[in-house]
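For reference, the structure I am asking about is given below.
First chain written, first letter: the chains are A, B, C and D, and each begins at residue 1.
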Amino acid sequence: MCKKLHIEVEEVDLEWGSGTPHDEFEKILSEDKDHNIKAVLVTHNETSTGVTNDVKATRDLLNNLNHPALLLVDGVSSIGSIKFEMDAWGVDVAVSGSQKGFMLPAGLAISCVSQKALEIAKTSNLPRAYYDYHDMLKINETGYWPYTNPMPLLRGLREALNMMMEEGIDNIYARHKFLAQAVQKASSAWGLKLCAKDPSLYSNTVTAIMVPEGIDSTDVVKTAYNKYNTSFGGGLNKVAGKLFRIGHLGDLNSTMILGAISTAELAMYDVGIKFELGSGVAAAIKHLKA
Amino acid sequence: MCKKLHIEVEEVDLEWGSGTPHDEFEKILSEDKDHNIKAVLVTHNETSTGVTNDVKATRDLLNNLNHPALLLVDGVSSIGSIKFEMDAWGVDVAVSGSQKGFMLPAGLAISCVSQKALEIAKTSNLPRAYYDYHDMLKINETGYWPYTNPMPLLRGLREALNMMMEEGIDNIYARHKFLAQAVQKASSAWGLKLCAKDPSLYSNTVTAIMVPEGIDSTDVVKTAYNKYNTSFGGGLNKVAGKLFRIGHLGDLNSTMILGAISTAELAMYDVGIKFELGSGVAAAIKHLKA
Amino acid sequence: MCKKLHIEVEEVDLEWGSGTPHDEFEKILSEDKDHNIKAVLVTHNETSTGVTNDVKATRDLLNNLNHPALLLVDGVSSIGSIKFEMDAWGVDVAVSGSQKGFMLPAGLAISCVSQKALEIAKTSNLPRAYYDYHDMLKINETGYWPYTNPMPLLRGLREALNMMMEEGIDNIYARHKFLAQAVQKASSAWGLKLCAKDPSLYSNTVTAIMVPEGIDSTDVVKTAYNKYNTSFGGGLNKVAGKLFRIGHLGDLNSTMILGAISTAELAMYDVGIKFELGSGVAAAIKHLKA
Amino acid sequence: MCKKLHIEVEEVDLEWGSGTPHDEFEKILSEDKDHNIKAVLVTHNETSTGVTNDVKATRDLLNNLNHPALLLVDGVSSIGSIKFEMDAWGVDVAVSGSQKGFMLPAGLAISCVSQKALEIAKTSNLPRAYYDYHDMLKINETGYWPYTNPMPLLRGLREALNMMMEEGIDNIYARHKFLAQAVQKASSAWGLKLCAKDPSLYSNTVTAIMVPEGIDSTDVVKTAYNKYNTSFGGGLNKVAGKLFRIGHLGDLNSTMILGAISTAELAMYDVGIKFELGSGVAAAIKHLKA
């Protein structure tokens, strides 16, 4: 048994906090006359910067250029929380996880695939470490599963989906937006900028807040965790030490987000960030009372 | 089988929000020259008014009068959260539950009894509906239990006690006091009085907040529950409609109490109480940052 | 406040393993011309002897004598597992628990009461330690509960009832009977008698098996528990040491009952009871294959 | 970014039910003068046939030939249940899962790696889909984890390991062997052969039982599941329809295995296999009483 594999991956580098670089994508794709590019991958919601991208715009770009590349979407921190339209947006492969909008522990990768991508997968010779759509489809017909499956998570997913159906997906999207705005209002009241470059990019599931010069955002995260038993995210990679992140997705309500914002105030105060104590949560309450 | 039963119970009536009426107790007990009064019952922490009583003062009164009555204490919402000293205070029977300071679902009555009370129970002819200390003591010697017991709660209690030992009982008392003060500061900032008549009576586990004339406190409770998914207590009996209660005991930290205070603001605003939005939670944050 | 209480309870003593003594009941009730007897209490299924009584026969007796006494039924180990007809049998008060046929941990008392008994309860001056039907009825109208309730058990009960509805109550009764017969066949194969005096009394939820002279049944129970991790019941009171009990109710199927019977063989062998190893479980399998 | 990948995998084909073909391994490895073979993979316990292989013999073979190939072991259904000695046997990479001997739901891959394999992994250019030992080692030093981890399973694993330490690993091995022998004795009593070709290969964690000609073993599995609520394994691939498998590992005791054996009798009887009802479980009880 012998396999040869040749993959080239082209990463389009961006300033952190920016959205999908549609112009650069257009340039690259329009120059690809031979259609060597087989797939374009975009992240719907970038967890590390709190940026939500316009996936449909990438599909429109491909369509306008008549480019056949598949559209692959990382929807880990968006699907189930931020509006996502697999079919209407012409997404070919979307991937999410159990531990974000689906409100479960980590452990399930959730994926959806278009007919077009399924067809292409049939003839692809890329090596697969574990998962193959066609293994799954074949055995699913018999009511089975190709490998031992994590039943507690699957049962949890069924209940999570029931809860989501009960609330209504549009209500869920609206709730995430409303609660995200509370965090944005609080950040403004504190006089702090977000990592996301433009309000049109603000994420409804995570807000990355830039700390002032001279402050290490890691200290905010550590203080919140160790002193207040609350988990915020830190800055990763290029923004390490420069921002902290408040995640606001899944089974979340006003009481929880107000507790989180208040705790952010305590942790920021403790590490020496200057702002008026109570200003952020007051701004959030004024928004949420609406 | 024939039993005759004669019990007289004398209730000392009080204005709601007051503490144990030591003067009236003294009068009644000193007039009881024949020691017909067999037991004095006080509530350590009155859940419906947010009042904590001085149990030791009642014991001192009995001792000063050389009165042999047993001292019975309802410690449902205090034991495990507010300093309680069975032996040092000369308590004869204390009763608590699993669902307050012990952080479990309702279902267990937890009781402690002095040697003196155990002796008296041997000759008492009061009818017992279910529980008898001596049935329990007798069978416990064999490692058994007289009736079928709720194992999940007993196992939960073991873990709860482990958690409490790990934190340290004095640390738990201090935490409850610190978080209670945050609620008291918020109430002051809102310009609202507590039901408890005097700061010396303020409870560390529950705060009963009087709403202004013209407002029905039941609406605060309903709004918090239905709109914000948060349970506050209502006013019971004589204070129905006049107060709402924030419970703050057990597995509780700053983040949770700030969420609760913020939600109280939202619910109070919704029902028309006038106050500066954000003022209460700001006062709480300023206290908690200390 | 002063209450006088006068209760007389007449216990009709029986040989253990016998059923309701209808003749003696008839004699006592027919002599009670003044209707001083206010209630007759029968145990539907006697857990300690494995005897199921004919409740309807007691009701018929009362009706035939035109005796107005209430019919109270202890249905702890029968209701939900053995046919029980509250209305058709004219039962006035039935009591059960969460930990038997309802497949939950101990912690709930489940009770049903007739209109007749409710009316009588209104004027009764019997002291109540905790529970009063009228407290419950009054508050239930408002959607509340008079005291703090054990939510996990109530949610568990809802699911247990869903499971029972899904299986069908008649199917549940038939399953209990079928599995009980497997234990009875095994006992016969071992050459051991049951405590229940007559096959018409055999319980579908528990079988009490008499051990031979010279054997202490407590040793069977201890061996099963300590060596095989299986809980059997021991003999209580008058039959202490003389029998062991296999409980077979609730969420039970053939595999479990065969495991239990097989384990009984191991434990009986270990303590020196003489029988052909494998004979009981073989008899059970032959029954269950039907 | 461009990667070239060239892998050749040589599978040594065997009759199902056989153990590791040491002779053929010796031939292949001794002919591999240039050491092109980088690793030898053996399955410690073959779940589909109930065969346990002698892993140490493979290591001895490599050592005797001075062959530097790594020894990789699939220990999914053996580690934690059947004696496995990572260091003493010179295993370089062992893989197991959470859902077998570790008594948890599926969801964790558990792996152990030798220093030699770690060194080689540093320079390997094999593509990795998700997991890399060096990513893990690097981040573990900081107390973190490179990706979001399934906390419930990790906490469960901690408790599972506590339980295993408490029982003692040698006691666990002995228990699995003792219970496996009960299944083997039952199979003999039924007059049915095992898939494993020789008693020296019999697995302590799963027994694959050949059904007589003319019987479809799938029917045994379906009957056990649908009628008796018990899951047996079916025959896979080349032995589809020819055998059914009783898994016996993890949190298992005599009562459970006797229930399983008895249920196998019921299911086998139902599908028309001829044997003396009760003979298998009787043989098992006679073994287990020892």
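By our rule, contacts are C-beta pairs under 8 Å (C-beta built on N, C-alpha and C of every residue); 3 or more make two chains touch, one makes a residue touch a chain.
Given the structure is predicted, the values throughout are model-derived calculations rather than measurements.
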Intersection of contact partners for subunit B and subunit C: none
If you take the chains that touch subunit C and keep only those that also touch subunit D, what is left? none
Given that subunit A and subunit B are copies and touch, would you call their interface same or different according to whether over half of its residue numbers are shared? same
Roughly how many whole angstrom separate the Cα centroids of subunit A and subunit D? 38
Distance-wise, how many Å sit between the C-alpha centres of subunit A and subunit C, to the nearest whole number? 56
Cα centroid separation, subunit A vs subunit B, in Å, comes to 45
Within subunit C, the set of residues that touch 2 or more other chains is none
Residue positions on subunit A within touch of subunit B in the complex are 228-230, 253-256, 258-260, 262-263, 265-266, 269-270, 277-279, 281-286, 288-289
Using the touch definition up top, name the residues of subunit B that touch subunit C in the complex. 1-9, 97, 99, 105-107, 127-130, 148-153
